[in-house]
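Across the two complexes that follow, chain A remains constant while its partner is chain B and subsequently chain C.
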Partner chain A sequence: MLSKFAYYKPESLEEALSYLEKNPRTRILAGGTDIMLLLRRNVEICEHLLNIKGIPEANTMSYTPNEGLFIGAAITVNEICEDVGIRKRYPSLSGAADNLASYQIRNRATVVGNICNASPGADLAAPLLVYDAKVHIASTEGNRIVEINEFFAGVKKTVLKENEIVTGVFIPDVELGDNSVYLRKSRIKGHDLCNVGLALRLTPEKRLLMAIAAVSTTPLRLTELEKSVEGKEITPELADWIVEEIKKYMNPRPNSVRSSAEYRYHIAGVLIKRGLKKLLEKEAN
Partner chain B sequence: MCNHNRKKDCFEYVDSQLPRVPLELVVNGEKVYELIDPTMTLLDFLRNNLKLFGTKEGCGEGECGACTVIMNNKTVNSCLVLAVEAQEADILTIEGLSKGGELSILQQEFIKHDALQCGFCTPGMLMSARALLDRNPDPTVEKIKEGISGNFCRCTGYQSVIDAVLSAAKREREELR
Partner chain C sequence: MMDKKEFRHIGKPLDRVDALEKVTGKPIYVHDMELPGMLYAKVLHSPYARAKIKSIDTSAAEVLSGVKAILTGKDTSHKIGLYLVDKRIIARDITRYQGEVVAAVAAVDEATAERAISLIKVEYEELPAVLTIDDALEGEILVHEDINELDGGGVFFPQKDSNIASWNKTIVGDVEKAFEEADLVVESKMYLPAAAHTPLETHVAIAEADPYSDKIKIWTSAQSPFAVRQLMAKSFGISEAAIQVIVPSIGGGFGGKAGVHLEPLITLLSKACNGRPVKLKATRREEFNQLPTRAAMRSRIKTGVMKDGKITALKVYYDWDSGAYADYGANVGRTAIYSGAGPYEIPNVEIHSRTLYTNKVFSTAYRGFGHLETHWIIERQMDIIAQKLGMDPYDFRMKNVLKPGKRTISGEIITESTGSPSDCLKAVVEEIDWAGYQSDEERNRQLKTGKVRGKGFALLHKAPSMPTNTATSVIMQMDGDGKVKVLIGAIDMGQGANTVVAQIVAEVLDIPIEDVEVVWGADTDKHPYDWQTVASKFTLMGGNAVIRAANDMLGQMKEVAAQVFRCNVDKLRHKDSHIYHVHHMDKSLPYSKLARGYVYEDGSAIGGIVIGRGSYIADGLTNLDPETGQGLPALSWTYGAHGVDLEVDVETGDIHIFKIASAFDVGRVINRKLIDGQIKGGVVQGLGSAIFEGYIFNEDGQVMNPSFTDYKIPTAMDIPDEMVSIFIENPEFDGPFGARGVAEHPMISVPSVIGNALYDALGINFYELPLSPENVALTIVNNTQKY
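Then we have the complex of A and B:
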């Protein structure tokens, strides 16, 4: 490691926040599956590394009926995979979690770290977007809540300030009959960032919600597209129409390591059709 | 990326020269206490300080799984964990699988099924398989694939590994219970 950092693991949120306030050039360490790579490659140099895994709030995951689910900042991706309640209520979140990296990475990687890292292809972003998740943020100045749709600010950028810590994400509860799917395409099955990640959600009132990752500078919630299909029945014709429309919102890099832009446009279309079909099948059951 | 002339300069363990910090943990059942460099990874600590060379470094970036060890009953990529994060942890490495000079059932089955050729992935593969059998003594092929999803093997094609795990699971259920 080339970064020379002081390491600190506080046992309370207050201690963590005041350490952050007092020490500029501090980076937060959760599961480390993103930041350790940056430190090692010397892309990121920090003076302080603040391990948040000892903070009690960060270690809580709690579901309150009619309110929703709080996922603390130290909760790992595998903890999401193993939770049967989440699989029932928020299937696209479990689906995305199942597909993130490998088993051992999922033992360390956190849900909150995935969104704070703000990779355009972050797998958990799309499901959190279709559920209108709220990002809970704390600093010595107080707490604030940011809608996940306003959290991402660019490639690897969020609206977080230097003195802020995300304590967790909150996902509002769903009604009976709410359903969602997550589909992704990567070069190999699992263990690779996706070329396209797509979350589709259908509410009991038949509202279709859509979010897509890895096709622009940030994961995208497709609010406008959702409005234009509101009240329409999901038919193969509508699916074809969405496949064309969605391209307007995509802005993939011309040639990334993972794929060409043309390929991403094509795959987005394939996933849309597949996803809508799956949602309808689920509804029929 | 880095500005170094040789990749080695960037990726090899470099002592940060920072003040040492105390680390106390259990490795393969034995208590260990050392003063360590706060920036070193668990992998570097196991290999450089404890001279446990069974755990391998392949990529150093979480991709290959050669560095897999069991930390508090869960597999981790030791290249992505700081040694200081293992404070008070219980670590099991490949050196801890055999007992009294006798290979464990899992290791015996790897040999029997030719589940290794060059052997570089094997310590990590065995740790993933060990953790899997600990949480699920009767795994399906699908579960085995999931359990070793983070362990790359360039030699075996995985089938013999899966066969070895299946047969070790059966033997452990019969012989250890």
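Then we have the complex of A and C:
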């Protein structure tokens, strides 16, 4: 590792924000499962590393009925997997969490870190997108909330400014009968990145929400596609139509080592069909 | 057949002798080692597949505090190579693959060494590179301009002004005439990519090279300490005796740690640092990028058969994309000419095996030594021919399989002692309930459900690929309490050599297994010679040497006991740690009373220290004829077969394996638990090659997946539901207790068995590895017009 950095672990958000303000180009450490690899491989050279795990707000996870769920920036992926309430209310989030990397990595990796890293294939992004999650951002200038759908700015890029920290992500509450699924395809069944990750949500009012990862420069919420199927009953014919239609929104890299574009187009269709079927099955039960 | 006598230790499912130590984390690996005054090395790699090194500026690195030495290509003229001496220790003037070492630094710690490396400025001129098999064969650009100077020693055949490091041939009979007379001629073209060994422990070495003499001391993660010594002595022009190589515990090798790798480079660095010890450990990325791999291979195969299923002719080109240096690659290529037809009798054969230089990471030995590759071709082709003949692939194989009295393609006559491929095939075919290819109707019925089941099987054979005079040896000493310490030169890197040796010693001496200790940490200054820990040869060769050493001990003890009992030596027997008189069984002495000489009541002593020695050298082997490939290359064949029952997800291309059954004619099981582990491990490694693994290069020859992020190997979640190991025991007459080697074999033919079952499932023949979900799904999509 060529980086020589100052390491700071504040006990409060204020301390963290003022450190960030004073030290431009500070990198934030939560789980460290992405940043440490970049530093070790000298892909990034960093001068300041700010550990946010000592910040009380970051360690908060709280659910308020009729409002929603707040997941602090230091909450690990395994904490999501283990939460029965989340599994009941936001099944696709649990499903995505179950499939992220390996148990050992999930012990460290955080939900917020997964979206801040902004990998196009971020497993947790797709479920957060179908739940219209809100990203809570703080800086010395004040707080702001960004819709998750506006958070990603490109491959490994977000709208975060240098002096900002994501303190957590908020997921609005769901009504009884709300359902969702997460499906992914990877190269092996064990620990692997996804070739395509798909979250589908069906509200009690039969509104279908869709988000897909690893098929473009950012994880995608398919709002336009959702509009065009609004009010339509989910049938095998509709599923076939979506399978064709979704390709218009995909823009997979042509020379990815993980998958050809052709296979990504193919598998997105397979996952759509299977996901819709699963959603209907879940609804019937 | 061997008599069915009861053994005390042989064949038992004993725990590994190192089990407790390994699970409690006690063994020391070179990665753990720190020596007084030790320095740390890092290397700079070429970013280009082929480039001219115009200049190297090390001035900024030199002034960095803590840097002790910087070496570049101009600092060394030594060349090294296993068979063809073609590689500089550090690239000079030109780099031949992305990842090749261009400069090396030794410094007080790793961070300083890494920083120094980042300060070295190299000016390259990128050159057009040889990146494909076709580029290599065209020979417009030569990877080695000086190829004409290479000496193949009559075993390897570098071709003038070409990229062919060795062109080995088998020519038997008249293939062209046989093709004309054949009822059916089947031609295929198949391919498999380069693959990585992925040992848990990356390569690592420490060298201490005396600047005032030739003395070099090396601690390394090598499979073959005596080969390290020999190759370095040759390269540096010094005596083998000057070099001491120590191998503590090593964390897996799979062939990637055979030969010589990091050792010469750190030796030079240590010399440059006044003999301070220097340590270099490969990162995982370097394991993929800098250190050698298994070659990619393309094959064109043509087979002639008669209507009754008899194969009359075989013509094969094996073209190995072997990378920038020949290393073991040339010998992998040579092996294909005597085993590359599979375990079949074929009267007319022409095999051309060409080890090609390309500007890619170079290739070396990898478990199976070319056989996984050649059997991917042969065993797929066997099924394809059976399909075209309308014959059951089992019957077709049985019609052609090698049997006692038949000849291999190099002219060796198979005997009862060689073992039986048919027994192996029969066993797996029964285990998977093979009932012939499924009908189109059955296939189409299943296709509608989205999942299709398929079964398949494949045969395999392998003999050690080694010099005709390969040898190994054993020394063992008895302690005063009758316990035995054994020294061998082979390395136990997980395959269980030390456990097998302990069992054989305990069996021959008839003592408890606890009374035998195979001393860990082979040291060329102390342990007796072993050629190399490769080729699945140690149970056979080392086992025989151990038997001889144990008998040597018994002989020494009996000589002394004969004096004590005043009888002839031939009246004495041994049992349960005692020497006794065959007629007067009360005349009995425990080994403990003989181990350090016998002491009479009055204190006078006779005899001496009991030290047994044994060695074993391959005999009767010959070099292969350069033109026809005829000769006796194989000390011992081991046959095997796999059968598989699997299901394909037609949409995703996922393969789910219900059961894989693997049978090997091992002659005699020495340790049931170890051999079962050996087989399961090998099969899973084979599944890696079959379904997941392969190097991906970009158009500039750069490795695109040099990490476990994108080079996927099977995990616990990817293994079959059920794995069945079947042991056939037709004894090898010259094997210890009848045993043969089976270390590499389990991974051979695993890709072909999956490919064959995919045909049964889908009615589609696959010609390229890996059979990844992507490959399978897209091939199905492109074949949908079939349904």
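By definition in this document, the second predicted complex is superposed on the first by the 284 of 285 C-alpha atoms of A that agree within 3 Å, B and C clash if a C-alpha of one lies under 4 Å from a C-alpha of the other, contacts with A are read in each partner's own complex, and residues count from 1 in each chain.
Just so we're on the same page, a contact is a pair of C-beta atoms (placed from the backbone, for glycine too) under 8 Å apart; a residue touches a chain by one contact, two chains touch by 3 or more.
Bear in mind the structure is a predicted one, so any value in this text is a computation, not a measurement.
Of the two partner chains placed by the overlay, only chain C lies in contact with A:K185; chain B stays clear of it.
Contacts of A:S260 after superposition on the shared chain: chain C is touched, whereas chain B is not. When the two complexes are overlaid on their common chain A, residue A:I105 makes contact with chain B while staying clear of chain C.
Shared-chain residue A:V270: touches chain C; no touch with chain B. Between chain B and chain C, it is B that contacts the larger number of residues in chain A. Touched by chain B in one complex and by chain C in the other are residues 1-2, 41-42, 190-191 of chain A. Residues of chain C touching chain A in their complex: 111, 114-115, 118, 285, 651-652, 692, 696, 698, 704-705, 709-710, 712-718, 772-774, 777-778, 781.
Within the complex formed with chain A, the residues of chain B that make contact are 1-4, 10-11, 13-14, 16-18, 21, 38-41, 60-63, 65, 68, 74-77, 79-82, 84-85, 87, 128, 146-151.
Those residues of chain A that touch chain B in the complex are listed here as 1-7, 9, 29, 32-33, 36-37, 39-43, 49, 51, 53, 101-105, 107-108, 190-191. Of all residues in chain A, only 1-2, 41-42, 185, 187-193, 195, 255, 257-260, 262-263, 266-267, 270 touch chain C in the complex they form.
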